[in-house]
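The following blocks contain the structures, represented as structure tokens.
Below, chain A partners chain B and then partners chain C, in two separate complexes.
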Partner chain A sequence: MELVLAVAFGIVAVAAAVAVFVVDSMARATYALLVSFLAVAAELVLLGSAYLGVLTVLMMTVEMAVMGVFMIMYMMNPAGLMPMSMVHNKRGALSIAIGTFVVLGAGALLVPWPSRTGEPPAELTRALGFSLMGEHMLAMIVIGVALLATMISAVLLATDRGRYDRYGDELERDTPRDPVAGGVGR
Partner chain B sequence: MSLDLFLLIAAALFSVGLYGALSQQSVVMIMMGLELMVNGVMLAGGAYWWFVAPASLDGQVLVLVALVVMAVEMAMGFAVTTAIFRARDVDLTDSAADLRG
Partner chain C sequence: MTDGLALWGAVVLPFGLLLVATTAASLSAALGSAAAGRAVPVRTVLQPVQEAARLLVVRRRRTQHPDALLWRLGGGTLFVTAVLAAAVVPIGDAPVLRSEVGVVWFNAAETLLWAALWLTGWGGNSVAGLIGGYRFLAQALAYELPMMLALITAALGAGSLDVVQVAAAQEDLWFVVWMPVAFVVFLVAALALSFWGPFSQPAGSDAAGGVLAELSGVDRLVVLVGRYAWLAAAAGMSVPLFLGGGAGPLLPSWLWWLAKTLAVLAALVWVRWRWPVVRVDRFEEIAWVVLLPAIVVQALVVSLVVI
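For the complex of A and B:
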């Protein structure tokens, strides 16, 4: 039963991944990507990582919803009313991808992987939490700093005109320099 | 279930993502390709943890890190897209080849 489910979710994951680059609309591509993520989350649950599976479902559902908004903001043809193909060097990319799959697949099948040692902890989520706050604290610290840096730099990049654009590098101007005067006087 | 099966699925996901990242012109579609690649890494990490070393939690932490990488990649990707779209009305990589050479 588990094997059937694993194969089925695997087929869904890969088929949805292919669909991302085949469908005509960005919106459909986003949801195909979401389906692929959900199938991988189901595989993670099958592999005993219930917490990581659920986390993937939650994160990816929200992430794809956000992605949908950006899709509509930037993309021509978000609804797929006409055929869409925006690719360059398709043949080269295809051959590199197939070559990668052959190499990785051969590695997966040919390498004598070590056999299973040990059993997972009885309460895996709890053990993972303690591990993140204990022996894997460094990973947690790096993740935290990376996320903070991401937040700051993403806001910085996405800001159109910040206060240094309006008030000068030393914030020395009394009135902001705006393309159009007015506003609420701040 | 065997490790080989999951690694094969992961390899397929990674390769499809690689194809997308290499071939797509739209910045957002490239990001989708990158996300698919990380998706494959997550599956391979989870499978390796379960089939090889379930007693240690290193594999779980690795999957968690991959998940964070995906979130960071998407946030920064959209920030860069927003910046270049605002500056030049560009959303295709071919129009942003300033650093080529």
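For the complex of A and C:
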């Protein structure tokens, strides 16, 4: 039963991934990619890593939803509303894709995988948490802060309005002058 | 820890959810009549059923060049994800799907709404619908992080992501008592994710109905049912998370769960007829400047208590 499901989700994942390049609409390509990711998430759940699988669903859905907005926003044709091809630089892309597939596939088949020793822990999520956070807590905290700093810097670099635009050259205004007022009334 | 799916439950669950969702719709119809100053005869509660029957038989309106596949997919995803979310809610003591990561499961089902609502807005190839879809994404950016932190806070208090264990951890003291901020944030997010009441701008009349603009006939019914189902699922989830699950004297636990769920649901429905609609851009700032810091402090307090 599990094998049947695993094969079925595998086929869905690959078919949806192919669809990404076959369809002619940005929206369809984005959500075909999401279907592919969801099938991979289902494979993770079947493998017994419920937490990683569910987390993949969560992350990928939000990611694809936001990505779709940007892809459509930056399309050459108006808002991505016209039919368009999803492939560019066909030969180069094809050779890179096939090359990557062969290398990864050969790796999966040729690597001498170790045989399992011991049993999976009863509470997999807890064990995962400890192995990620236990010894590597310091690294995780540093990475977290670094990521946050990167995000804030990226937003700062991207925005064309700083506090001098909002509060005036001498920061003299009590309430900022914003093109769109927020809900807090600052 | 026993993970597993109760098969009979999986069959009954969609119908149960439909029933609770219809109750919410009936209550909303009654409250709406009262708010409009009309008399509320008993037959008002049948209004949603009549409307459903009408939508089932009425002919669908067409738009020019819709992306029908994505449109229908988006609309259908609403109810399907609501059922998936409700599956981990313990009805009394046992959920239909017991999972050691139930809290995250609920969250993942909810994030699929990002896709569902945007696709519903996109598929009809209409400006009003697309505006609604984009509005929902903006709204989701506002409510998602506070919602996640509210879920995490409850899980933190119980030391488990299993919804059954979260409910069990409230034997002595309901989480709502010492995590009031998390409870309020969860309810706000519940309203926002069902684009309901104050957060209904994605379906706002200022955009000719937003995501609902071009939906007609059975397509509209599917989306409206999905919306009420999500309202019901979120209300049902708030009970094991914050209101002690099925705990209560005398009555069986499933009845207590149902009573609490209906009470929360009634409050959510009532809010619609009491509060004005909050514009998405305003809610954005409220969420990031008020809700997020508040829920982070709440999570911090809970972590300190747990340690």
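By our rule, the second predicted complex is superposed on the first by the 139 of 186 C-alpha atoms of A that agree within 3 Å, B and C clash if a C-alpha of one lies under 4 Å from a C-alpha of the other, contacts with A are read in each partner's own complex, and residues count from 1 in each chain.
Rule of thumb we're sticking to: contacts are C-beta pairs under 8 Å (C-beta built on N, C-alpha and C of every residue); 3 or more make two chains touch, one makes a residue touch a chain.
Keep in mind that this is a model prediction, so the values were computed, not measured.
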Per-residue touch tally on chain A - higher for chain B or for chain C: B
First, second, both or neither for A:Leu104, with chain B first and chain C second: first
Touched partner set for A:Glu123, first chain B, second chain C, both or neither: second
Touched partner set for A:Ala154, first chain B, second chain C, both or neither: first
Partner chain(s) touched by A:Leu55 [first = chain B, second = chain C, both, neither]: both
Partner chain(s) touched by A:Ala65 [first = chain B, second = chain C, both, neither]: second
Partner chain in contact with A:Leu94 - chain B first, chain C second, else both or neither: first
Intersection of chain A interface sets (partners chain B, chain C): 55, 66, 124
Chain B to chain A touching residues, read off their complex: 1, 3-20, 22-29, 32-33, 35-36, 39, 42-43, 46-47, 49-58, 60-61, 63-65, 67-68, 70-72, 74-76, 78-83, 85-86, 91-92, 94
Chain C to chain A touching residues, read off their complex: 1, 3, 67, 69-70, 73, 99-101, 104-105, 107-108, 111-112, 114-115, 118-119, 122, 125, 134, 137, 140, 144, 161, 278-279, 281-286, 289-290
Chain A residues within the chain C interface of the complex: 25, 27-28, 31, 34, 50-51, 54-55, 57-58, 61-62, 64-66, 68-69, 81, 122-125, 180-184, 186
Chain B-touching residues of chain A, taken from the complex the two chains share: 2-3, 6-7, 10, 13-14, 17-18, 20-21, 26, 29-30, 33, 36-37, 40, 43-44, 46-49, 52, 55-56, 59, 63, 66-67, 70-71, 74-75, 86-90, 92-94, 96-98, 100-101, 104-105, 107-109, 113-121, 124, 127-128, 131-132, 136, 139, 143, 146-147, 150-151, 153-158, 160
